[in-house]
Amino acid sequence: MPTPSRYWREIPQRYRMEAGKCKACGFIAFPPRVVCPACGAREFIPAKLADGGKLLTYTIIRVPPQPFEDQAPYAVGIAELDDGVKLTAQVVDCDFADIKVGLRVRLEFRKLSEDGEAGVIYYGYKFVPE
Amino acid sequence: MRDVAIIGVGMTKWGELWEKSLRTIFTETALLAIADAGVDKIDSMVVGCMSSGLFIGQEHLSSLLADELGRTPVPAARVESACSSGGLALRQGFIEVASGMSDVVLVGGVEKMTDVTGCEATYALGTAADQEYESYHGLTFPGLYAMMAVAHMHRYGTTREQLAMVAVKNHDNGSRNPLAQFPFKITVDAVLNSVLVADPLRILDCSPITDGAAAVILCPADMARKLKKPVVRIAGCGQATDTMALASRKDLAWLESTHIAAGKALAMAGRKLEEMDLFEVHDCFTIAEIMVTEALGLVEKGRGGKAVEEGLTARDGRFPVNPSGGLKAKGHPVGATGVAQAVEIVKQLRGQAGDRQIKGAKRGLAQNMGGTGGSSVVHIFEAE
Amino acid sequence: MAGIIGYGAYIPRNRIRVEEIAKVWGADAPSFKKGLMLEEKSVPSPDQDTITMAVEGSKRALKRAGIDPREIGAVYVGSESHPYAVKPSGTVLAEAIGATPDVHTADLEFACKAGTEGMFIALSLVQAGAVKYALAVGADTSQGAPGDALEYSAAAGAAAFIFGKDKVVAEVLETYSHTTDMPDFWRREYQYYPQHGGRFTGEPAYFAHVMGAARGTMSRAGMKPSDFRYVIFHQPNGKFPLRVGEMLGFTKAQIEPGWLVSKLGNTYSGSSPLGLTATLDVSAAGDKILLVSYGSGAGSDGFVLRVTERIDEVRDLAPRTRYLLDSNKVYLEYGAYAKYRGKIRKAE
């Protein structure tokens, strides 16, 4: 579970999908980084991820970690977005039986977890079938 | 670089060791290795442990374990690379002896995992994944490997039954290992009917939560010969890293770090894969063993499932994999696993593996992996 | 003339039927269905709250408005189920849509009319020239106490409106608010569920204020019921808006497009605002709409709107309200509903 400052630092990524596009080679880093993993360059321009894509893989988590105990079972997947970036997120608003490799999904703003009833609420993105 | 030999090994029974603390488990195991080696002086200690901080609130293991062993002021280090912490500790020990920095090095691995609840343990293990972009979304290690399995099954037609066969084979081997956590056989049906953890992986596809330790004593090969000990050399050592997050990998169904680490180890040893008589690999989940056999090059990419079905990796197969029982039957006290792999191979190469003995074993390969393949360490052992 | 330049709705997928709730409490479902004119209500998933719905509704409003979110100068979320008691829903919303940092925000509460109160403030800031665009959202995931009459109707949804002076989709011709102090329905701090005065919430509360606001608004605008194509009232149940409409002299046909409650439930701060988004979805240039909300405590906000030709360009840039209401529904049993709504007492 993140601390308040760790959560706050990732807000531009979790709320607005802000990424960094390498000026030299075009690689899109999400989250943004200091060094481009594709070419080693260090200059990036701001970019936003595409808001949809298709699932490359998925699973249903039945034995959850804290603080997701009450949410299980839930589906998680990796989707290749329409801009080529691969993203990991939960897959919600559909029956498990309908989740397949190749399913088209879009991103939606949802609550991920919270630090108990009195703690910070953690928001972010999830996949919803298109 | 000097040739490095292993002259002592130690391992105690693994399982849920309620009465034993991390200190006790490690110390008892290390003493076995020291006694087996017959040495008095230890120049240095390297300990692999993934997460004593999260499991028992204890860091600074270097000092703690040197103290418990009664060996202060010996220099000591604790190394961590998630589930390959043990293999990494062996690598660091190897480098110390090979470089001439130390003569006799104690390499140990230990993990005490049962002092927290299952949920807390899952969380601690999850710290090997990307906290902000995988764990934040509710992923667990079974979940990550399940996604690798789905990708592998979708692309290559690997079946649920083939995954189960890995567990069955490893239990068959583990039933001959008195130190294993689960020294009994299981059936494919039992695997297929066990409770789901992260589809399609079931509880019997997953290595367990275990308390345990393993230890080896390293020294220059010349010293080993002078001591008239059976000389088992570490002939090769390779390590490689890969992206942290599974989503960042080029290929979700391939273990590139293992492929590279194995290549490096074989090159250092001047050996080909086919010259290995046995393999101890990182079957944290059944799919992992299948993917490792492909990454090592035992089989063509995508054929790992077929291979286990055809018995290629059985005890009497062409490439015996996990004669010890693997992580699945032997247990997986995270930091200890990489060292335990070395213990098994050394015993095999000495002809001391009892019912598990691979006849005429002269060379073995150990592959230890962290996270979803973010780090891999491979060692090659040869009997003289 | 200032008005709505973009609008968006958000309704969660889950539903629970009146029969399912009645079964658990041993109540007579047919009489509740008849008395409330209610069949089912929406239920938020555990990962949805006022903020998540406000964000998605606002993104849809932005799609219709076609503006740069950085030009939004004020953001208001009206709700009686803000996720935090202290820390505004508005800051998360503003951050998520990209309106930060040059933006005003504060959360609003006025029972079921916090949304329309936000709309009034947003509109007024634009009219005054203090901001170029302002966003107002009415959103709720309100709780009905288990076994209470309100459990049948307390639902979840969000409606978002962006106000501006250019590219207007519906001009606001008149506003009025009718407010008195009365304890018809309330929730004290630290209490989990609200309380209410039973039948006292009817005539002296809902009807008195809705009629006061409707008449007050029409009088200021110099208009009568027949001047309007459509009218939307706050919808705590199916009966009240139809009855008050009849009492005021409106026809069923005028009320019908915005009358969502029988399949949606009472979305509290989202109630009349969602009625408005549903009405805009089917309106045509020149249509005049009367919107009258109601919030316990008590008060009613009235708006007179006139739809422009731009409605035809923006209507289908985002999903229509009826589509969200009628498609992809998932029906819950009471057990799942109680779990989702946090009504099950768990270990500390």
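Letters A, B and C name the chains as they come in the text, with residue numbers starting at 1 for each one.
Methods note: a contact is a pair of C-beta atoms (placed from the backbone, for glycine too) under 8 Å apart; a residue touches a chain by one contact, two chains touch by 3 or more.
A quick note: this is a predicted structure, and the numbers were derived from the prediction, not measured.
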Farthest CA centroid from chain B: chain C
Can you figure out the chain closest to the middle, judged by Cα centres?
A
Counting only C-beta pairs in contact, which pair of chains has the most of them?
A-B
Give, as an integer number of Å, the spacing between the C-alpha centres of chain C and chain B.
59
Approximately how many whole Å separate the CA-defined centres of chain A and chain C?
30
Do you know which chain B residues sit against two or more other chains?
none
Expected list for chain A, residues touching two or more other chains, is 71, 90, 112, 126
Spell out the part of chain B that touches chain A in their complex, as residue ranges.
118-120, 122-123, 126, 131-140, 142-143, 146-151, 154, 195-201, 243, 245-248, 252
Could you list, by residue number, the parts of chain A that touch chain C in their complex?
11, 15-16, 70-71, 90, 92-93, 108-112, 121, 123, 126
Complex interface listing, chain C residues touching chain A
13, 45-49, 51-52, 55-56, 59, 83-84, 92, 95-96, 98, 328, 339, 346
In their shared complex, at which residues does chain A touch chain B?
2, 6, 10, 31, 37, 56-66, 68-69, 71, 74, 76-78, 86-90, 96, 101, 112-113, 122, 124, 126
